[in-house]
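Note that the chains take the letters A, B, C, D, E, F, G and H in the order they are written out, and that residue 1 is the start of every chain.
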Amino acid sequence: MNEHNLRCLLTALQEGKCDVEQTIDRLRLLPYEDLGFAKVDHHRQLRNGFPEVIYCPGKTTQQVIEIIKRLLAFPGNIIATRAEPEIFTAIQNVIPAARYHELPRMITIERDRCLYGKGTILVISAGTADLPVAEEACLTAQLMGNTVERLYDVGVAGIHRLLDNSAHIFRAAVIIVVAGMDGALPSVVGGLVSCPVVAVPTSTGYGAAFGGLAPLLTMLNSCAAGVSVVNIDNGFGAGYCAALINRTRAPQG
Amino acid sequence: MNEHNLRCLLTALQEGKCDVEQTIDRLRLLPYEDLGFAKVDHHRQLRNGFPEVIYCPGKTTQQVIEIIKRLLAFPGNIIATRAEPEIFTAIQNVIPAARYHELPRMITIERDRCLYGKGTILVISAGTADLPVAEEACLTAQLMGNTVERLYDVGVAGIHRLLDNSAHIFRAAVIIVVAGMDGALPSVVGGLVSCPVVAVPTSTGYGAAFGGLAPLLTMLNSCAAGVSVVNIDNGFGAGYCAALINRTRAPQG
Amino acid sequence: MNEHNLRCLLTALQEGKCDVEQTIDRLRLLPYEDLGFAKVDHHRQLRNGFPEVIYCPGKTTQQVIEIIKRLLAFPGNIIATRAEPEIFTAIQNVIPAARYHELPRMITIERDRCLYGKGTILVISAGTADLPVAEEACLTAQLMGNTVERLYDVGVAGIHRLLDNSAHIFRAAVIIVVAGMDGALPSVVGGLVSCPVVAVPTSTGYGAAFGGLAPLLTMLNSCAAGVSVVNIDNGFGAGYCAALINRTRAPQG
Amino acid sequence: MNEHNLRCLLTALQEGKCDVEQTIDRLRLLPYEDLGFAKVDHHRQLRNGFPEVIYCPGKTTQQVIEIIKRLLAFPGNIIATRAEPEIFTAIQNVIPAARYHELPRMITIERDRCLYGKGTILVISAGTADLPVAEEACLTAQLMGNTVERLYDVGVAGIHRLLDNSAHIFRAAVIIVVAGMDGALPSVVGGLVSCPVVAVPTSTGYGAAFGGLAPLLTMLNSCAAGVSVVNIDNGFGAGYCAALINRTRAPQG
Amino acid sequence: MNEHNLRCLLTALQEGKCDVEQTIDRLRLLPYEDLGFAKVDHHRQLRNGFPEVIYCPGKTTQQVIEIIKRLLAFPGNIIATRAEPEIFTAIQNVIPAARYHELPRMITIERDRCLYGKGTILVISAGTADLPVAEEACLTAQLMGNTVERLYDVGVAGIHRLLDNSAHIFRAAVIIVVAGMDGALPSVVGGLVSCPVVAVPTSTGYGAAFGGLAPLLTMLNSCAAGVSVVNIDNGFGAGYCAALINRTRAPQG
Amino acid sequence: MNEHNLRCLLTALQEGKCDVEQTIDRLRLLPYEDLGFAKVDHHRQLRNGFPEVIYCPGKTTQQVIEIIKRLLAFPGNIIATRAEPEIFTAIQNVIPAARYHELPRMITIERDRCLYGKGTILVISAGTADLPVAEEACLTAQLMGNTVERLYDVGVAGIHRLLDNSAHIFRAAVIIVVAGMDGALPSVVGGLVSCPVVAVPTSTGYGAAFGGLAPLLTMLNSCAAGVSVVNIDNGFGAGYCAALINRTRAPQG
Amino acid sequence: MNEHNLRCLLTALQEGKCDVEQTIDRLRLLPYEDLGFAKVDHHRQLRNGFPEVIYCPGKTTQQVIEIIKRLLAFPGNIIATRAEPEIFTAIQNVIPAARYHELPRMITIERDRCLYGKGTILVISAGTADLPVAEEACLTAQLMGNTVERLYDVGVAGIHRLLDNSAHIFRAAVIIVVAGMDGALPSVVGGLVSCPVVAVPTSTGYGAAFGGLAPLLTMLNSCAAGVSVVNIDNGFGAGYCAALINRTRAPQG
Amino acid sequence: MNEHNLRCLLTALQEGKCDVEQTIDRLRLLPYEDLGFAKVDHHRQLRNGFPEVIYCPGKTTQQVIEIIKRLLAFPGNIIATRAEPEIFTAIQNVIPAARYHELPRMITIERDRCLYGKGTILVISAGTADLPVAEEACLTAQLMGNTVERLYDVGVAGIHRLLDNSAHIFRAAVIIVVAGMDGALPSVVGGLVSCPVVAVPTSTGYGAAFGGLAPLLTMLNSCAAGVSVVNIDNGFGAGYCAALINRTRAPQG
């Protein structure tokens, strides 16, 4: 263990077994993180209930299982994103606590049900085709200890569906807006509320949607201030951002 | 004159000066348009009060004046688009009836004030920076014989500004929506009304607006059906389309 | 029910159970749409014979069936676009009135055969590969109560094929032009006629067609005024736009 | 005045001059916003100390002055962004309280010095060329009532400059990272901290930076979760987002 | 038949059954092509030995067979491009003369073996992966009556392979250069020769080749004059262009 | 002189002053071109009357003058493209034979008026703004010894203007088509004729023309075979290509 | 053999069987490479232990086998890149010495185990999904005679993982950095070291990663000097570059 | 000074003024770089004669002067890139040793003339318009202690100009190739040599060169292995890379 090494080194200095210059030289060579940096990282996870996250594409099923096993040694929730059903089938045998969420293709292992977020995170989606991404955002925020509400299928082509739910919208502490095609919904929502809005473009749509480029540009150019954007289809990233915004900001060590 | 040539040819046949085969051979060589095609074109202008339009960039002031002079020989309104003030100064001396419109940089000569459009064309713009393009659309539609109403600065970031004017919006026969940045306004308007919406993206905005690419893609991907799109900053094109939609469609000869 | 709530509130005021200020406060909180907005929407459908439209991608077969069932409770035609044959097979058992159109992959339920459009909508396509999109436009316009004519395979590389049919073209009230590859056809058609032209780029072609980007840009830059554009492969959108342009514009309530 | 109209209508009902059904019909026609929507909007500003913001490009100096004058009638700070020095010179004569900030080209009128944000907003920039955008973010956040700290010129090419300031970084409640060229800084910062990071790409750089496209894409693809992105050079938007995240979220009326 | 109609009309005039004005009116309505335009087209084919070409994608096997059958009624070679093997299997049964070329996926029916081109067309390719496109060019040019030579696998990374064959290169009347990846070969060839060079970018390559965009841009920016470019992977187009350039230009009727 | 060196070397071998192996070693070091390659190059210019061409941007006036002076030592025409008037003013004093062409910004020195091309090159342009590029093509072809005809302002929006001139069009041996905006003209022309068509996109147009990208893609995707494309605004390249196509192809040494 | 031909020719001159002029004429026609150019090429391979490389896509299994067989006649290592397992299965039977590397899909035949590189090449990768590309780089460099070290999964989101290994990093003579998504790693590494860094973007990532465009642009805009870039996913190219940089540069013949 | 702080801390531990745990806590807070990281950085500069480089755009003249002054306190050469003449005029008065290089717009202060590079760096450019970028590369490499040779105006359109200089090319230890337009030169050079090639695309060219995108993509897709690429117009980066490759790699501390 690294801190142990550091302690040995300093004890040696204290006990006169080495001098200051030798200690400095050794410290130069000790990796930075051994001085506690990684521990801060570790503290952060314990304190905030942040789940460790595994992005599955490009990893073999065996690799995913290995990583999950190692994470199980620590407390906290575990999320695996973009997991094909085959991966879950394999994991299920080894880790019975794992659950699969078909729509967002996520595997979750929930072990910490504390609420770390102080307000409600509202996830709004424009169309039914945006649901997988919206659900990825919801699940991520939930497993990071937040109360999540959903408001789905309220695209701007029928603005009344959105306005009908203004009470919902005004209550939220953070809002995630998921939309493909024209990606216009975050601008409208951002103009209504005074809480932060995290916008997620989706690859929903065809033709000049260019795989999500159209709603991405729309959202980046939102004429409503207070809207920031994450990558196309990145429901996880939006849920994570919203959770960071929503949690009690205790001072960091 | 072409029709004259044709008449001579046919008279020669009638009078036995040439035979059928010779006439067929001659007809093959006569340009198609001489048979009346251009005339149809001409009829169209007289019948519908369409102005002749001069796109100024790439033309010398002298060329613009020459074209206007030729057009003055025919009835109907005349529009010159994207005209720098210098061009107007030069034209003014020669053609006192010409008027300059600073915002849309248009020169107009109005000689036909008949109303050819049957309903009202409503031009909606999102922000103040979109005004030059919106005004180009308004003037074009007006000089093509339409009643035009304006509803400016009602971008989606303050959706209530738009909804406040729903009476206006519901009354229109055709709506032109001009917007830059996120270009979200046509989707909202298109979702409210059941008349055709012509959307015009503008090069307003910065960064990832990419000179109007962002609102263009937004509008092409509008989740509201009934929205069609013209080129970036093409207020003239939108006004022209709206005028075509709005006028009484008499059967064409 | 919302209108019921409103009626209760106003009756309470009428009966002196609350005063004006209290009523105003309550009204502030009532969602806007409950005041009849959705009803206007509903009226619009009844009056114009617009079909309700279901975009199938991203929806499960069961979801599509549920939506169709709910729509069947109201009069009017029903369209489901981009429906895979499997979806139709499932629907057929439940809703025998449904028909499948293989080329445009559309499911239609026709219950209203009234003619709402006053002129003929002409759908022109450039090549045989554009037929699915062209047919989507035709069917959409037909189910919205329009007389539709087809003029297929008249691309600009053989301009005489188009000119041969000028009588057809001049008769139309609205023209939809569907073209991939160079997308040049709308410019030529737009230069011939004085009715509105709705252009649809298709993803037909290869290489530098870039999935329809080439014809999209061509059409947006059409040197013929009077041409507006919808999204790549969006035959439905073009049919819908054309139907809006073509119908008798009764004043809206 | 709208509320006045509403009051008249309800008084008529109360006084028996009209019945419930007539009142409902009238209410249907009254615009939604007149029912208090705009007022909620107004409340929001008063409550949160949000400045009103004027985006100058596309507005004449006279228009900017008119808008500022109207805003002066209400309390709160005023910001004008992307203001050329000429505009300020003209404003200065009329509104002596106005101040000009050369680097970010902003005009500010500070009238409310309350602190609405509960933590510190740290603005980090990669290079000296990013300073105008970074300063726009700082000023925006400050005028929205936040304590702002600056950490400039700490690009990833000299990662030790950044790590030297880790104490600073760990203390922040929200971090804005401004970077052009490779745009790599937000990924590194996002990996170090557990507070929300708002990333701003700048148009700094040349060649394949393509006016900020390169850092924009980098930031959207950040391998560190918790990073969201605003438009290229949009320092104002980043400052606004950070202020929304940082303020005490009182429940909204 | 159209010419027949024309003849009847003129005979009627000759025989006094109608007068000149009536004839003019009838002529106005007769489609242009009926006056011989299509015949010119027909002549052109007979005179030059140009094959009729069928682009298979988007056509059913049955449609392709129908078109080929109709073309068989006229003399001349027939080409079907981008034909899957399944199409050929079906055709083979009906049209035994058809041959399939696996590499370029072409079906050819050769009935005219005259040589219409006066020089040799040399087809140069950079790598083995470019062969399908190069062969498409070769076959097209051959079936249009040209002597074709091949010079394959002489990419610029081994410039000596190209220079070794300078005798070949100097002898050609037209050169087609097919290259993917960096697309540099046409610039080098164009700098060596004084005959026209038609460049064909291919979608060979990966990553930043972007499906052929990279070599396309390279070729369009060729620093050697005398190089013109066709679409990505468009071997047919290159072969067709080269054949047009190479054939004896008899005056056109 | 290189050939001289070679001769000396071989004479030394012949005279026994060195042996075969030494000669081989020397030959290895002699540059390839010294063996006559450059001479072929030189022959080509003399034989074909090709002008030497100077692309002015990025060169100082002095550099341009120096290059012209060196070229004057050889026979043949000289062209300098994209030359600002200032450059011409300076050149005029030194080289009185130079002429300036304002529209295409070209400097020409004509010393060889032989006709090397066997047919007529027809340059067609779509709009008046395309004239500078069209004229660059004309002048280039003329100075390379060709008869050039012009057919200007015949864009597809008025297809009859083009068809009116079909006699012209059918007579050409090579056609250059210059068009901006939608770039549709080459497709129509290419469909009419059976001679090679060289298409030149121009940066004429605005918005989604994206500096000529739109017509470039249109032309690359031309549905008419026989069309090849040169770079945006590259009138010189088109003229050069057309001249290569048009000249009598004598066998090359 | 070519040199043989040359020797014969010169011997004939020496022996008086031909004269100098005849020899010059013959030399003109002899391909350039026959004079030793190809031999230099050959020498280079022998001297440096560079493997011959076969890029498999677009080649049939039979072609790959043929090329390998021919290469086996010469000494040196052989690499086949992007080889599907099927190709290896076929090769294995014929060439038992071949080995398959599943991750980078490479076939190698190692016959030369000399060390040509003087320092260590360090291959760093950001994430597990980058491993195939990183391994392609490693294997390429190894078979070109270099000592290769790996440092995997040290992306910038956890900068301490990288800094922990600074000893490794400082020791390297050349560093290859493989990264997808934000592509930020080469900037950080480039800022730490003073040896050349070759950056390889990968197509890892989704959405706005656009198939590797995002990390490609990031790397090209690296704010750390000393970083050069190869094509997306081009692990082979990076390994090859690094090997060229690392080897002892003996003077070339 | 940081190391001083560390020494104090450790001495306190040695002297028993604090215990091990307190020291660990203090070490956690000490910035990483203070432990010697920056010193390594410093050593690197002294050892290798690397100049400090100032990128001028976005910096005021005063800022540039300040930075230069601070750098003058250390030994080594100083480079300021992209410096407008105005900046130099101001600097000249303060720092007489500064020299201005007009073509590459660089300011240099040369104080160390040692040769750190072991071979020759050859800078090849394609056209005269590429000279500013090529010269930036030359000067950078020279001031980093390298022998630099230039081979200019040898673009691939006249391949013999390049081959004529093969002796030059074969002698180089590292080659920088600068090219705009088609960017084909690095592929040809890379195919000739066995030393590393650093390619620099330039924004030279017009139309579809898209500001250097065309040659950038060409170079990234080079079919010659051993070519790596830097940003468009980044002559400095290429010179820096080449210098890193060329210098004697002493082991790093």
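Note that in this section a residue touches a chain if its C-beta (ideal position, glycine included) is under 8 Å from a C-beta of that chain, and two chains touch if they have at least 3 such contacts.
Just so it is clear, the model here is predicted, and its values are computed rather than measured.
J.: Please report the smallest number of touch steps linking subunit C to subunit G.
T.: 2
J.: Pick out whichever of the two, A-B or C-E, is joined by more C-beta pairs in contact.
T.: The greater number of contacts lies at A-B.
J.: Which listed pair, C-E, B-C or A-D, reproduces D-H with over half its contact pairs identical?
T.: Answer for D-H: the repeating interface is C-E.
J.: Would you kindly tell me how far, in whole Å, the mean C-alpha position of subunit F lies from that of subunit A?
T.: 59
J.: Taking the mean of the CA coordinates per chain, how far is subunit B from subunit H in Å?
T.: 55
J.: Averaging over Cα atoms per chain, report the distance between subunit A and subunit H in Å.
T.: Whole-Å distance between the two chain centres: 39.
J.: Two or more other chains in contact with one residue: find those residues in subunit H.
T.: As it turns out, subunit H has residues touching two or more other chains at 32, 127, 158, 163, 207-209, 213, 216, 220-221, 225, 231-232.
J.: Mind listing the subunit E positions that touch subunit F in their complex?
T.: 32, 40, 44, 48, 50, 53, 118-119, 163, 170-171, 173, 193-196, 198, 216, 220-221, 225-232, 236-238, 240-241, 244-245, 249, 251-253
J.: Could you list, by residue number, the parts of subunit D that touch subunit H in their complex?
T.: Answer in residue numbers: 127-131, 158, 160-161, 163-167, 204, 206-210.
J.: Can you list the residues on subunit D that touch subunit G in the complex?
T.: Of all residues in subunit D, those touching subunit G are 126-127, 155-159, 163, 181-184, 187-188, 190-192, 205, 207-210, 213-215, 217-225.
J.: Write out the stretch or stretches of subunit E touching subunit C in their complex.
T.: 29, 31-34, 37-38, 41, 55, 57-59, 63, 201, 203, 211-213, 216, 231-234
J.: Considering the complex alone, what residue numbers of subunit F touch subunit G?
T.: Listed in rising order, the residues are 3, 6-7, 10-11, 13-14, 16, 19-20, 23-24, 27-28, 32, 35-36.
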